[in-house]
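Once you scroll down, you'll see the structures, which are given as structure tokens.
One chain, chain A, appears in both complexes that follow, with chain B as partner in the first and chain C in the second.
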Partner chain A sequence: MSFGFMIGVFGVLILAHAAYSTIQYRSLLKILEEEFSGLPMNVVGELLLGLVFCMWAALTVPGKFLSILPYSEENRIVSLPDNLDFMVFNHRGKVFPSKMDLKLKR
Partner chain B sequence: MVGHEDSGASKKKSTDSSNDLPTFNAENLQNNTKIIYYSRTFLSIIGGVIAGILGYTGLTGFVFYFLIMAITSLGLAAKAKFSIHSYFDCWNRLLLDGFLGGLLSYVLFWTFAYDIVHIF
Partner chain C sequence: MVGAVEEAQLNRLENQVDNGGGGAWEYLCLVRKLKVRRSEKVLKHGLSILNDPKQRSKLGGEEWTLYEQVAIAAMDCQCVDIAKDCINALQRKFPESMRVGRLKGMLLEARGSWKDAEVAYSSLLEDNPLDQVIQKRRVAMAKAQGNISGAIECLNKYLEIFMADHEAWRELAEIYVSLQMYKQAAFCYEELILCQPLVPLYHLAYADCSAAIAQLSKGRNKEDKDSSELHTLAAKTLEKEYKQRSLTKLPLLTATLRNLKLPS
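== the complex of A and B ==
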């Protein structure tokens, strides 16, 4: 598994731990018979940390953005055909100086 | 051996000639849109769980959803290194596509987490 996926799993585990501590906090409030006004600060911090990890995972795991420009380097549309049947060399182009910068598409 | 070596990514889609970007690689655009969809769906679910744990009810929860989606848009724009036109055809596709699509998943996981944490 990739590193981003591990970060995402870790973020979900942090959220689960925060949920569990919130459940314990609620039952503590029920025992003390107090109102539920807000969460303790460490649970809120834990939720924020889990959110940061999950957000990082959500932005990196699905994949990279690919360029849509037709002229960028990885979108080369023209490629030298590399089948042997069409590789003839005794044609009219032999009178021209050869271009050395044509590249094979990998 | 007459296999003509031509990768499938070279399908073009042309808009009318008055635009300054007449063609773009449609398969890569579709890939980018899929990435946005996955990211937004996952973060809608995570945001729902967080809103449920925090105990938000009513309007505050929906405000939290829009906050999460706004942060996601910012994160996606940062992922595209803010040069949108080399990855998408317009800004709206990055910022608004799938914005409301995750709302139902968000509400589902919000109520689910709220029930688990605060009611049972």
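== the complex of A and C ==
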């Protein structure tokens, strides 16, 4: 998990560096009084690399994904919860002797 | 709703805790979340946590929830003293609480003193007339005393106010089925299917009811062909479900029956 996390941090740093380069490039263009038509190729490459790293980290770090299909084998509803609000206490379990002599210590 | 994954996890934790491994608190939390009724195990493991002061202080604020859970499990296992001790501990911490008052009412129920429990619940309802759980406890008390028609009446009045409570609809359906009033039970199951259409077990129970209605009215009304389609579909679904569930159990059952010797 920590390896994925490191990759994620690295990806964010690459994106930050790409942002800084873009700002510097724009200020350079303002000095030269040219139009801002496109980014230099290395900044675009840096952006794509940062994107790949961040996506990979986002998919691996959180762990196992849960299934959302209601009829997949994992989500198959096996039994309903017992209605505990309507539980009665005078069932036939009274005749079983309670095997434990436990007490709450106080 | 207990899914297949959660059931496997519950069984695994149960085996682990029973054989001496740790994880009792996890098991108790899972039981509380899934709302299953494993009172003996909850009592045993809950008491082992509560009697150990180190583990108890590790829980922090959650120990009171554990006290409540263990109290209810103790009442279910008929260990009234343990329940009384837990409730006293809760009373000391939360003197004027509705939840503790409710637990005291349940303790009176478990002892069998129905009149005192009724008095306790009525006094709690005076302060808070719209408390759902206490009204449901009154229904449960009527059911426990054997007064099924009183329970049905109480439950109907409750459902007129709180129509969205699916547990109450399910309880009403089961009571009607136990009295063989299948048409009313089918109505309750229809309500359940409307609230929660993705739970297959309600559909199966509804199919059961429809099949029962069809069988009972088959003898009386031979010209009724229109509504029989639903009933034949219901019967087919049930057959598939029974076959799936009984595949493993059928050979065991036949072998046992074959080995059964009748006394002559």
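Assume the second predicted complex is superposed on the first by the 64 of 106 C-alpha atoms of A that agree within 3 Å, B and C clash if a C-alpha of one lies under 4 Å from a C-alpha of the other, contacts with A are read in each partner's own complex, and residues count from 1 in each chain.
One rule holds for everything that comes next: a contact is a pair of C-beta atoms (placed from the backbone, for glycine too) under 8 Å apart; a residue touches a chain by one contact, two chains touch by 3 or more.
Keep in mind it's a predicted model, so treat the numbers as computed, not measured.
Trainee: Tell me the contact category for A:102 with respect to chain B and chain C: first, second, both or neither.
Mentor: Touch partner of A:102: chain C, not chain B.
Trainee: Between chain B (first) and chain C (second), which, if any, makes contact with A:93: first, second, both or neither?
Mentor: In the superposed model, A:93 contacts chain C only, not chain B.
Trainee: In the overlay, answer first, second, both or neither for which of chain B and chain C A:70 touches.
Mentor: Both partners.
Trainee: Considering only the touch criterion stated at the top, classify A:39 as touching first (chain B), second (chain C), both, or neither.
Mentor: A:39 contacts chain B only, not chain C.
Trainee: Using the superposition on chain A described above, determine whether A:84 touches chain B (first), chain C (second), both, or neither.
Mentor: In the superposed model, A:84 contacts both chain B and chain C.
Trainee: Among the partners chain B and chain C, which is in contact with a greater number of residues of chain A?
Mentor: Chain A has more residues touched by B than by the other partner.
Trainee: Is there a shared patch on chain A that both chain B and chain C touch, and which residues make it up?
Mentor: The overlap between the chain B and chain C interfaces on chain A comprises residues 70, 75, 77, 79, 81-85, 105.
Trainee: Can you list the residues on chain B that touch chain A in the complex?
Mentor: On the chain B side, the touching residues are 1-7, 9-10, 12, 21, 23-26, 28-29, 31-32, 34-35, 38-39, 42-43, 46-47, 49-50, 53-55, 71-72, 75-76, 78-80, 85-89, 113, 116-118.
Trainee: Quick check on the complex: what are the chain A residues that touch chain B?
Mentor: It comes out as residues 8, 11-12, 15, 18-19, 22-23, 26, 36, 39, 43-44, 47, 50-51, 54-55, 57-59, 62-63, 65-70, 72, 75, 77, 79, 81-85, 105.
Trainee: Which residues of chain C touch chain A in the complex?
Mentor: 1-5, 7, 34-37, 43-44, 47, 50-51, 70, 72, 75-79, 81-82, 85-86, 89, 106, 109-110, 112, 133, 136-137, 139-141, 143-144, 167, 170-171, 198-201
Trainee: Across the complex, what residues on chain A touch chain C?
Mentor: For chain A paired with chain C, touching residues are 70, 73-90, 93-94, 98, 100, 102-106.
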